[in-house]
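Chains here go by letter, A, B, C, D and E, matching the order in which they are written, and residues are numbered from 1 within each.
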Amino acid sequence: METRLSATATPRNQTAPHRSSKSYGFSRRSLGVELTSRLGCTPGQLTAVRIPTNRGIPKPRNITEQVDPEHIALIVKKEWKLSYVTPLYQFGHTQLQSYSRQLAAFLAAEKQQGVAVEVGQELGFKVVFTAVLGLAETDDDAETVLIQIHSKSAFAAEGEAAKLTWSGWLSCVSGDVEYLRSMPPDFTCLPLFGASGAESLTTLVKSWFERTFDCYFGPLAINSTNLEWLAALWTGCHPDTNIRYLKLAWTIPAQPPLDVSYTVHPQDAWELWNSIRQESGLRDTVDIEEVSCFIKGLESHLFRHFRIYLSAGTLTKVSTTLGSAHQDGKIRITSSDMMTSVLALLTECALLKMPV
Amino acid sequence: MSLLKPLNKLPELNTANVLLVENEELFQKKLADAIVLLENNVNVIVRLARSLPLPLESRPRIDLVVFIVHLNSEQSLLSAEASLKHLDSSYFLGKVCFLVTGARCGTLPYERLTSLKKLAATLNSPLLMTEDRTTEGVNTVAQRVLAVLRVAAGLVPMATGLYLSSLTRCTVPTDPDWQNQD
Amino acid sequence: MEDARECLRDGVLNHLNVLEIEALELSRQQQLCLQQQSRVDDLRIMVDKLRAQKDQLKARAKTTMSLQQLKAVVHQRNEEFNDDISEEGCSMTAKSQLSFLMARKTQVKDLLQAHHLIGGYDVTETCRGKGVCISIATAFEGFYLETYNLELDVSRAIQICRHNIPPFIPLEKLAQVNLQTDLMGFLSTLSHHLNGFAGRRQQIRLIQEVLRDSVEVMESNVLFNTIVLMCADPEENGRAVLCTLEYSDLSRYLPTKVTIESEDKALPSTPQWKESQSLLLQTPAHTALKALKMKGQIA
Amino acid sequence: MDDSTKQVLRQIIRRIPLNKLQNMLSKWEHLSKKQLRSLEFTQPKWLLCDNLLSICEENDLSMKHVTELEIIYRIDHPAQGSWNVCQLIDPEEEAVTADLLHFKQLFKAHLRGLISHVSVKTKKHEDGAIWIRIAWGDNFTQPNHLKPTYVVHHLQTPYVFVSGLTMKHKPLLHQALVLSAHYGGIKDVHLSGRCLTALRDLLMRQYKQVFPVKHPRLLLERSPLPSNPNIQMEHAKHAENRLQMAAEAFGEGILPKLETAVYKLETRFRENGNGMLGRREEPFRGVVKFASSNLLESLKYCVSSGMASAPVTPLLSSITQKGRNYFVITDKGPGASHTPGPNI
Amino acid sequence: MAENQTPTLQTMERVYEAEIKLLQEEIAMLQNQQENNEREVISHFGEHTQRALTSQPDFQRGTKDTAMNLKMELEKLEEDLARQTKMNGIVLNECEVNTLEKSKTKIVQQHRVSGNCIFLDFQVEFQLTEILEEEATIVRSITDLNIVVDGCEFIDISAFVSGVEETKSLLLFFRALRAFSERCEHRNRTFAHFKEKYPELVRLPEGCRGEVMVIQNPKIPGCTLSFVWNITVTKDGVIIPKIDLLTKLPEQAALALDQRMVAENGPQSFQSLLRILGVEATIEALIAAVCVE
């Protein structure tokens, strides 16, 4: 069994304590062994899935035809805490009803054992699993599953309907086709998990999934490259839907830490982005070089004024009226037009975490 | 501008000089204390610098240059790359070593680590992943640096820096997917 | 032998791994007892360093010629070239030249320190001559108090770019008067204001420190330019007497107006209180009150 | 004790944390020792509140007394809501000799002259500052004690710290201040924050500033610990230089705890490299906000550790030099419009 | 496993610490001796040092750069001294320091400083004490002060000087001395200017640095105007100039002028004249008045 030198978590994000997951061993496609094998690595670090260096230009498009607007309303405007999920074993979209009942029973049982459920004393849970049809981009994508938990607190008057206290979803939008096809038959790959509601309920739902489908939930962070992609993606939509502002936030590791936030006028941001696009010939795909040139342009504009090396810190948050994303894996999508491209990007991040 | 040359001065008897280059000047002090504490028989002089070139002073021959790069800061990588230009090319025959910290942090952009690995591979120098927050981690990497230093300073019979570097240099993963990426 | 074979079964790499960890553990324990040893090593290094420094100083003392030797050198040269030492005639030996230079350097340093001690403005040039930093010392009756600093930008018109003068000192008003035209005048008026303020505040501190039981500071303000003190008149069965000191000239530490009040309307006009009123006008408050207390004028 | 007084008292009690309530009530001195002891401070707050109300009714306390409790609490815990600073300009002759009583009477008279229904309560703090609590009504309604404005003024200094002031009442307050302090006018200092003492220390220069003057000391400093001879710092001088510049820009020792600094940038985008937007004339508009639990410490650390290049840009050193934390930067220079602040 | 230090280590540690303390004291003593030696050399061979600065003797290779640095350093220090002297308006020629008591938390030094301020020479001796109190605050105070000032103007400030000596206000003394010297110098320049402009009309009984200037028209004997310009210093160092006009008229001229009450309201009109025109213009007016027959 590979010994794992425990390292104290980096201050910025509290990674959950490493449960000694089943060792998948090093399959043929992992990287050559070097001295780094000594220190155990986070799963997925060694994935060989290629990181795309350019993406198609995401056009905002109205998805209300394919996807039930009611479902969209449930996902839009909320802030979701993201995790990655390893493939689910023997998960079937047809048994959603039974899963609802099983999860409800599990939650009730956990409550009996006095597991701390601080959202009031719940009498009973009503769990609803719904399949959100239409979000999948390719036929390899499994359909997105939405989970809602309604609970009635002890104080509620008799006839009062149970309130929605927790919601979450599992999704896979335009996942890496080659990887999805390599999935053994009984496994369904829904790598991206978003949760919104009481933390304790989230852990309970996660442990139920892990026990029932023999999978593993791990924290999904959005690294600065992906935040930069989102910033460029949202700025690109400005002429069509007014983003009203582009706000970037960095954290500089000073003592005490210094947060720098730069809110750019949308039109100016778009003109900068557009001049970079023109510079490289307005191809139909956006290249990573253009994105980093856009962000570096903004950083150098700040450096000219304040002479602070933002590169010594990390980009932690990007937000516009279309949505916001935080490095700790928090995402908010406020308009449904851009939902698919954002979910596609996040699915890609989650897939990179999959053990090969 | 004077390039730092590895062989421009005569070595002193039984002493080894190592130069730790770190833009943040945070980890190098802890590492230097550990190195000096661990080494008993060879007189090890540790010189700490923020970047190259070094201010114009007389200093003994530097046997090993260690670049400490923190992956959570892009400036750390940029500053290391800039300092490399001030090293004489003959340093890259086993007299340069890269230490990388913070590789575990989840919010790390992947390309930073891969580009550093490619850099170390092209300069055929070793790249050591370092745990800079626990004392065991610091002691482990101090031992490794001492091992490389002893060889680079020619204090290990039958072993030259070049020979050791061919064994320990960083290899970019040979996986086909990587190839067509750049 | 048994555990070695058992380890080998798990694979060579694993075995090496276990060995390395044990080696690390051993070296860590070795370090522990080394640590105590290193404390003594540090001290030994420190002793060597200090010995070296002592020897170096001794050597230097030997090289710089003592007073007598210099007298001898100069004296001896005097005879050769009778009395007036012509310029090229006195090719000083290098050693005496060095000691003269060193001696002059110490003298200039002492003079600079003397300027600082007698309350001179310590003027230092900053940012390559474009700026100048001036410090103004304050003191009251032998006690050195705060030193205030002004950083002036003298590239174009003189401008105060940084200072730590408290806001109740009317710096802007004073600067408008003569900062551009007469810098020395501006500095001396500012110095008078600061020393006036420091003097007044120090008097209140001394009163509170030394005369705590017999005089109480009823009212004072940030600039200490209006002070109300309360003391008791011993005869009139300890009736309270209020002295209000007003300092309209902010650059002085003596009041310009002293009013004495008490319930007994007649008390202020009694001769001894008249006299103490004029005493308060001419001497700093704390000395005046101490004298009054000595005379039994106040309880 | 009418209903509005009760309502205000209830709100004040709700805002004062339980552990501090006993101390506040004893400082208030409107409850007898016995009454204070009779209050049982471990019972739930809403129960405690009712008992306290009944005691106050017993002592027949009026709104005047209740507001005094709030002012005492606010003086001890100023960091509620945010404080803004304005500065009185063009002092007349008597500005320097103004004393507290004189100022208090004049202020009340002027304010009542400007607006009929207003309740003004003042209290002198031991550091010499005067605290004024204003409950605004208007020509018809009674003063609303639930949203009072707090004004703190240090006599003999031009600074006034204001919290909880609405735009509607701003001109009234400013006029009353100018008239009663014998000044010519008043202007906004563009300095705001939650911690009142930090704003005051910054403007009153009650923190240690560093100047490039080295005052010779007779007593020798304790010689620093001898560092290990085997470790040499190549860039010792650079590091020392950076530390000095950081200290000169932001000060030394305990620094005033500012939280934020905001810069409204209206400068052209000049990108040296590939001519991005190079030709564009109009300014590249954006707002930069720096935030930290102790902003000056963070900026100082950035400069001394090299994460910000030294010498320090005037944009950052203006925070301490000009005593403000809101700037509008145009191509003509930082805050080219008239730069208020303590010095020239 | 960390057993406590073996006894030998502890004793070695204590031995080394004692030796370190001893060495530090020895070094301090050596440095002090070195400085005193240099001060003696200066006091005996002042003028030689000037020549040392200028002449370029042959140095052995070793001491070449040390001499160069020393010279550069010295030039910089001389520059600082010149600037301080100009800004402070006080020329310090010579100063002597000897340390009476020195410990980690207290130092007492005897300073003797002599120099001049414009044309008033002074020699000041003061005892300086510096005490390190808790949390590193240093209290520096003058514990003894005596001042010698020579120059004919001294009589005006002798009361002030004795007061200052008593309260040991060293800084107040030098601040007042500077202001007082400037006023005296201004008076001196004015008197010298008029003496040189109207040599036959103006007489200075006590010389340029005196207080009185007598204006007399040789054609009208017995009629003199003596212009008394007195400058005094109050106890708290404020300079107060007082200017009076003493008129001496022959009897018949006195009678003639009397109807116009010149003698009585002379002084008030003179003071108002002074206020409006300032000193120089008033003197010009007086001289003009005396010249007209």
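Keep in mind that, in the parts below, contacts are C-beta pairs under 8 Å (C-beta built on N, C-alpha and C of every residue); 3 or more make two chains touch, one makes a residue touch a chain.
Please read these numbers as outputs of a predicted model, since none were measured by experiment.
The minimum number of touch steps separating subunit A from subunit B is 1.
Pairs C-E and B-D differ in how many C-beta pairs touch across them, and the larger number is found at C-E.
Closest chain to the protein centre (all Cα atoms averaged), using per-chain Cα means: D.
Distances between chain centres, each the mean of the C-alpha atoms, put A farthest from subunit E. With centres set at the average Cα position, the gap from subunit C to subunit D is 30 Å.
We define each chain's centre as the mean of its Cα atoms; on that basis subunit A and subunit C are separated by 60 Å. Centres computed as Cα averages put subunit B at a distance of 47 Å from subunit C. Our note on geometry: subunit B versus subunit E, Cα centroid distance of 63 Å, whole angstroms.
Looking at subunit B, one finds that residues 24, 75, 136 touch two or more other chains. In subunit D, the residues that touch at least two other chains are 228, 305, 307. Residue numbers of subunit C whose C-beta contacts span two or more other chains: 46, 113, 122, 124. Residues 29, 32-33, 36-37, 39-40, 43-44, 46-47, 50-51, 53-54, 57-58, 60-61, 64, 66-67, 70-71, 74, 87, 90-94, 96-115, 117-124, 134, 137-144, 184, 187-188, 191-192, 195, 199, 252-254, 282-284 of subunit C are the ones touching subunit E in the complex.
Interface residues of subunit D facing subunit C in the complex, by the touch rule stated above, are 91, 96-97, 99-100, 128, 154-159, 203-205, 209, 211-216, 226, 228-229, 321, 342-344.
Within the complex formed with subunit C, the residues of subunit E that make contact are 1-2, 5-6, 9, 12-13, 16-17, 19-20, 23-24, 26-27, 30-31, 33-35, 37-42, 44-45, 48-49, 51-53, 55, 57-60, 63, 66-67, 70-71, 73-74, 77-78, 80-81, 83-85, 87-90, 92, 95, 97, 111, 113, 124, 128, 139-143, 145, 167-172, 174-175, 178-179, 235-236, 238. Note for the complex: subunit D touches subunit A at residues 263, 265, 267, 269-272, 274, 276-277, 280, 284-295, 297-299, 301-302, 305, 307-309, 312-313, 315-316, 329.
Contacts from subunit C toward subunit D in the complex involve residues 42, 45-46, 49, 113, 116, 122, 124, 126, 133, 135, 147, 149, 151, 159-168, 170-173, 175, 219-223, 225-226, 246, 248, 250.
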